[in-house]
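Worksheet for the structure shown next.
Chain lettering (A, B, C and D) follows the sequence in which the chains are written, and residue indices restart at 1 in each chain.
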Amino acid sequence: MATVQVRPRSDARHQLVTESWSTRPPVPIDEYADYYGNPVKRLVMPQGELNLRYDAVVAVPDEPDLDASAAPQLPVDEIPGELLHFTLPSRYCLSDQLMGMAWELFGQTEPSGARVHAVCDWVHDNTAVDVLEQRKGVCRDLAHLAITFCRSLNIPARYVFGYLPDLYVPPDPAPMDFAAWMEVYLGDRWWTFDPRNNARRVGRVLIGRGRDALDVAMLTTFGPAAFKSMVVWADLDKAS
Amino acid sequence: MATVQVRPRSDARHQLVTESWSTRPPVPIDEYADYYGNPVKRLVMPQGELNLRYDAVVAVPDEPDLDASAAPQLPVDEIPGELLHFTLPSRYCLSDQLMGMAWELFGQTEPSGARVHAVCDWVHDNTAVDVLEQRKGVCRDLAHLAITFCRSLNIPARYVFGYLPDLYVPPDPAPMDFAAWMEVYLGDRWWTFDPRNNARRVGRVLIGRGRDALDVAMLTTFGPAAFKSMVVWADLDKAS
Amino acid sequence: MATVQVRPRSDARHQLVTESWSTRPPVPIDEYADYYGNPVKRLVMPQGELNLRYDAVVAVPDEPDLDASAAPQLPVDEIPGELLHFTLPSRYCLSDQLMGMAWELFGQTEPSGARVHAVCDWVHDNTAVDVLEQRKGVCRDLAHLAITFCRSLNIPARYVFGYLPDLYVPPDPAPMDFAAWMEVYLGDRWWTFDPRNNARRVGRVLIGRGRDALDVAMLTTFGPAAFKSMVVWADLDKAS
Amino acid sequence: MATVQVRPRSDARHQLVTESWSTRPPVPIDEYADYYGNPVKRLVMPQGELNLRYDAVVAVPDEPDLDASAAPQLPVDEIPGELLHFTLPSRYCLSDQLMGMAWELFGQTEPSGARVHAVCDWVHDNTAVDVLEQRKGVCRDLAHLAITFCRSLNIPARYVFGYLPDLYVPPDPAPMDFAAWMEVYLGDRWWTFDPRNNARRVGRVLIGRGRDALDVAMLTTFGPAAFKSMVVWADLDKAS
């Protein structure tokens, strides 16, 4: 069995224009929304090779991620109750263990988006260059670390993954891959922060949200299955 | 603005195999789940003609609708609380007004699926032939009437619409259209009943559920818009 | 069987301080949240007399209902998708039938809270005095009419019932009863309007919300039961 | 700030008869349902001592926990999609790390409730007696370990806490405390297993459910607060 998360969530800034899904050979799929409202496709893998294909045209706003610098951190008793869930530790974000370090590093910063920027700066700058260049899974790890610090500081933070076409500075010759970033709750809404790129970006297409990467995986297989290859292709069409 | 319900629900007996959605000209859409969990697409209609296209290959079980004859009607205090919603009157199913008639007609039947069959038989048989032959909207009205009786009898009943290929007896030369039927709650689950065809059928693809037709419409337009034409096409491919 | 809605909803402006629930004789109850998130208690009525008692101390803000005059009516394509539910007709709010009247009466008003005030003024002023003085169920009917007009005008509107201590002008010697009012969605939130009193008030304790009174009833009995009496008591304690 | 979980959940086998909640001094509370549907009360703690009191009379079935021995383990592709959430590792149940051990220990058992009994037996028997006698938190740790094994074996398992009067064998002179156990999904429903007592018991009153103890805590304080004492009192009244 495999679960697949490729369909963009409908509650983000992008809008779907066209989409199509198919498999070779044709396989019936089940669909469901998981605990975090992510759309998941599930299928029983046939013998032999299985090819999954999902194409979509998506419209994104011209404006980059909104600027959260001035958004205030909520006192903990003003955080909406059901969001306290995102201040708790999780499998890959052991915020209870980084509490001391988080307050030492960031306790003096302004309790606002500025504090989250300080977190992202630190996470981004204190990661060895060679790790960054290795790329594979880096955005995931950096997101986990930044989320951990935010929760240690009583800021609700959740893990996000999606597509992020490499359109803007810094120009990046590497092929597009899935990307991971985070959302934090400040003031009265969720804001996007991206510790890997540490910049506001255009063109995010959000697929999944959860406590950490455990909750959202593009592809999860149960039982024996060999992963042969994946091609992710994201291109910008100014005209559309 | 228009809202469109064409994507099959993921919690019915069918399974999606492939699908594609597009519009001409390309238009960004929003998607959301309504109060009844139906997937809805919403779009702002551009000037001029707008063409919407949705194609899907869907796998359906070989077996017809399950036989609910023996399923017991629940005493009202054993109906799960949140389902009492579907025993209340609604815009097109004024069950408070048909209470007396319902108990007079069906009060002596066995409190089980047999009672619902009696309702469907009565609704089906007491509808003038010419009305049935006119077809347009008939399945909708018959579903509403049967739902109304069921609610009057304290049986949770909801309105369903979807595709229903004309595969089985009686052979029907008329082109396929959207179809409406109902689901009633007996024992510990929902069961399908179809007052229009009054037969268990193969191949239902369920799109929407609600209290009545008000909650589920294939196409709803807000503001000036002229509806030119619709083609619904459903074909059976035994091979898939 | 009976369903009872007396516990205040937790997502309104009041806050619970103490509460207690008991019955005489003691009867086990089931609790569930209905389709609109209202907390419902359900019980099987024993033979003989049954006495239900619910007491609560509730803290309410000193400020009256917020002033919604300047809040803008949303264009229909900007209304959040899942709220379109509250623009549809329902059993007691046949907004499809009052469409013409609504636009004729209120089409020239500013598309904002001012329009809803115009609706409330009209509903309040065009109701014969003797009807108002009869009291029983008046707030319910006036709320239904105002909701109907709002939906005809594409403004999401829902029915609300709760407790409303008679604290402010106009002084009212009549005993406190359950009260019904409405909430409408303008700008980015729901606002309280009260066609019966047609004034911003202090002290609302909100129990239930729904499409109309069908969805929210303090007491609903299924099967034979005689209603003997009800005492609702709401008092203001400035000290708490 | 503190969050408090003491109110029994409404979707378990017990039924509420009476209840009352109060604090000294009186403090307004907010209520919300968390991600797992648990009812939570939240309050800002005043200066000085704060006393919280919750009393309830609850009716429980005479029968002990249902016997799950024969319930079949579902093949992973038949587990309802949204329940896969409870097969994932969480903060205190690192099932990805015990995968090998789990299959080695329990892989040969029958894929049914018998397998879960084998897990509970092992967890119960392999815990040093002195640990069991120390009591404090034992039920919590044993539940976590058994949950971890179940998830390693692809059986959905969730953490549960509540009240469990010590009524039955073995007689236990120690005072009643909160108890933790687990629920696993077999066949088409959740079943109760209790690795601490390793016996089917009468009288469980279920308060909270979640992935592990992180999600459900009777009392959580944010900021400086000293915990003075807690008295949990649960008594059996055969008459009621």
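Quick note on the criterion: a contact is a pair of C-beta atoms (placed from the backbone, for glycine too) under 8 Å apart; a residue touches a chain by one contact, two chains touch by 3 or more.
Predicted model only: the values in this text are computed from it and were never measured.
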{"item": "Turn needed to bring chain A onto chain C - CA fit, degrees, nearest 5", "value": "180"}
{"item": "Separation of chain B from chain D, taking each centre as the mean of its C-alpha atoms, in whole Å", "value": "41"}
{"item": "Intercentroid distance (Cα basis), chain D paired with chain C, Å", "value": "38"}
{"item": "Centre distance in Å when chain A and chain D are each reduced to the mean of their C-alpha atoms", "value": "32"}
{"item": "Chain C, residues touching no fewer than two other chains", "value": "30-32"}
{"item": "Chain contact graph, described as a line, ring, star, complete graph or other shape", "value": "ring"}
{"item": "Interchain contacts (touch definition) - all pairs", "value": "A-B, A-D, B-C, C-D"}
{"item": "Contacting residues of chain D [partner chain A, same complex]", "value": "1, 3, 30-35, 40, 42, 44, 76-77, 80-82, 84-85, 88-91, 94, 154, 214-215, 222-223"}
{"item": "Residue ranges of chain B in contact with chain A within the complex", "value": "10-11, 15-23, 26-32, 57, 59, 240"}
